[in-house]
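Report on the following structure.
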């Protein structure tokens, strides 16, 4: 039985707590949060103990692993502390918004040798997972063009935008990770183009809300990513790959399968509203993977380097925008 | 070059005329109609001659074939005259509304030995044709359940209803023919249930506008047909077959492929409005089949007996309604 | 907090136990099963107590409600005992295979006045629920034709068939309940046609595996149900309603949204394999409804009479098959 | 009645000839081709006269308009000659591969004042036309992102590649025109990325077979175009627009509506093989527009400048590839 400490009892922390509870092989032992009440609420529900200081949880040798679901700017300190305490680490994305601090965290993780996992949940979506499996099994042969469309239902509030790190580090980072995962090789060239079309306050914060990125790999594969902070019809998450033997697509789920055929049109349901609904199963499967891999002594499928490389690409996108030019990226991992 | 006389220059006659003109192997030589102007208009467009009396066209030994697209109550007399004049015959469905008269026409056709074709156009719809080809090639193994849904966009006017022969002889006859074609064996039991829900004048004329028929074949396959005189979203034409190895479906076309994703739903286009649009290609392909078969000395794929058997089933449906009981049908052809 | 006793710790019992655990307002207090080990396993997982005899659980005045998920032939005795003990009752479908025994159970329930719910889970499927809501809100006006297609992925083993009560009482009973729910009025005429095409042992047991039913209501609406014990492509569950203002459809879910476009075709995923996957959410929602209604003092949405009427229709189907004739059903509830 | 001379009796010329014949308002008077036999064949079929020299057709004052469907390198000379002879001009795309020669042709057309139309057939595809109509009517509000996917079923032969002008001038020029039409404003920045992944001989000819272009307009809208010379599943032609109020999509047609549900997957049909099938209706509608506009004295909807601007964008893509940098384009028309 894996004993887990959860750092952060907010929205995502609660989802992870429920998924740990649902698993056969793990249980929640500690919960921390800046709000003692929030920590207590989650702890009570799952028979865990609420503690004020993560250090207290890390000091307990019975704890095998931690889940870091606290605000981004606390990730690196918690990673370092957990690594030193020899706990396996599940860290929500992004590791940090600053590449230097990410490197420091990774160095500490490597030094301690603890298992480390970044919560790129989309890799565990059943459709995207099946897509990747077929792609990597050669279903369409050599991959030639990859297209990733990712649009949020609506822009976050101004306060979120200001601390988010911007669209590329906060939102597209998921798609940049998906691109690396699916391409099976590193992008070596990236060009970004972006606008602020939706909310003036986003532009005032120096950010963009509408963006397109084109990348090329060493083998010549092309990849297109597009992001928007607003899709009024719901959370839009699609991928498409063209290869020598055909095309793979993974599209949106719909809320129900109901269709209404009327005098004017055929109406069907929109996609689920947002990521908690769309990726409910993915959240469940990533925690299951984390627990099963630790229990079985197997390798975790998303590494610290995956977290780092996605950030490198996000930085490259920012540079491309600033320089109005494509950016060359070292393909070395 | 096949020389053709067209009897009837109405809506369907004009479609057949255009499709003859489009073919490489046939030309229109004569056109007749109760309206001399209508006959003249079609004749001029395709370099044919308008004549008042079908007999004049039949007397011309250069004429190889006739297309009978005049009102239903004129079909039998024209078939008999054409058969005696040794012309190949394309007859619009139904041959007649009276089974006795159909038998007389068939007897004359058999006596003269002329090729005879009934215009069950749906068999030539590319989707239904592909469906039948796969079904008969064993794509789903033994056929267990066949479902045919056929709904008109709206009820015809009262005057039409009164001379139509009723829903079963006028509308469902197409589906009864489809059923026989797809089942590959004769139904031996039929039960019908029907209502008048759409237009009171339909009920006043002793007819129904909403009907369901269930049939069983000697091998135990079940078949369901449903008809409605009104589908406000457009002409609804679908078939589905379940077999031991899977299911085949053939659904509706849509006017365009445009989808609109909005705050409330995802909207796509309705099916084409009615049979002229939906079966445009089918009309083209059935005339091409008629011409090609005659030129190539091959058998026509829809026979006089097909026209007769569909009417037998329509009569059985009327009997079932009247007796409120299933009707046993002789499976002998 | 609602205290619940679960009778039956098999496949369905376990699902209900997990859904009780997930709820905020209820907890599992007792579990019984013919297998003490099975009862113990479920009890341990959710902090409940395994007891050998349902009577022990019923004797505890702290117990508010029971969930009856034991074999069908035990339902009536458990209902009577629970009713006498003044417990609210959640009973898996069917109440019993014998209408007389159902009536006895209902009489006891009525006498005691306890809340009673039959587990017609499909009413809680999000797609079917949305379908019903739109239909009953008048989205397509007067309902004219209702079509229900329900096919299992494959036939159950011989042993199950022999005690199942047959296709109409065991399988179509779900669809007959759906029909009553959606039609909003009672069928007054029913005709059934059926075959044994899939497994000879089903016919040897006096049962059928392929069936079609047509029903008519007092207002003239027509309803078609078709069942098959085998759909090799997965569990097939669809409904369609035609009305004066349009059509509603609710179709199948697919395992994922992945599509593969190849040289030969476009391939997408099959439906989920069977009812546990397809109705996972429905099982969750029906338990939530049962708990919420009891806690809130609201009426349960599926009544004992609903369980009874579905069985009445299943009996009518058997009579129709035996007499080869339509059966008239009293519309009185 | 409009009298038309057709220059070029090849594949496209024959399509235009058939569509002229089908129209009510125009007839074919002359046909020319480098092959006298080809010209004669088309001329005979439609009652026109085959002449060796276009000059002869242009000299006939009865001729109102010309359709230029001869090889690209003959377009400009024929345009100039037709303009001087005061004939209305329908010119297949592209006007020429050399921008200078295009400008010369346009100057002559402007001088003579004859109506001029470039055959950007996709604008007349019913789905794309509906898409554009809804977009320009404000169905999704301000356009933010436009995505155009266009893939040929397979690469053309080496000989074609060598005279084609390359992927951007030959193939993407259609999509660049679509982009301008749909965006409703001129792109002012363009970045292109491309590879040769499919056929080595394409790379040897200095061309690419896989390409992505990103463009930005003055208002900040972003546009992505992707082209491939190979999609083994058929001709892939899709567009998608995201705006403040929703998304519009126009997808692929399929050969039929047949679906096959099997033990392993659900299979449906591929898109039609290539542009003659996919754009059959578009070809018909563009000729009808040309004829109707000329007869009605209305403006033609695709101008010489449209032909020119698409080529300007194709040149910009080539420059972007060569310089590995985005290219600024003057928005002046």
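We call the chains A, B, C and D, going by the order they appear; numbering starts again at 1 in every chain.
Just so we're on the same page, a residue touches a chain if its C-beta (ideal position, glycine included) is under 8 Å from a C-beta of that chain, and two chains touch if they have at least 3 such contacts.
Computed from a predicted model, the values in this text were never measured in an experiment.
Between the interfaces A-C and C-D, more contacting C-beta pairs are found at A-C. The chain with its C-alpha centre at the largest distance from the centre of chain B is A.
Chain A and chain C have Cα centroids lying 40 Å from one another.
For this pair, chain C with chain D, the centres built from the Cα atoms lie 58 Å apart.
Contact with two or more other chains is made by residues 231-233, 245-247, 260-263, 269 of chain A. The residues of chain C lying in touch with chain B in their complex are 142, 144-145, 147, 149, 151, 189, 191, 193-198, 210-212, 214, 216, 220-222, 224, 226, 228, 230-233, 236, 242, 244-247, 324-326. If you check the complex, the residues on chain C that touch chain A are 126-127, 130-131, 134, 139-140, 245-253, 255-263, 269. The touching residues of chain D, counted against chain C in their complex, run 231-233, 254, 260-270.
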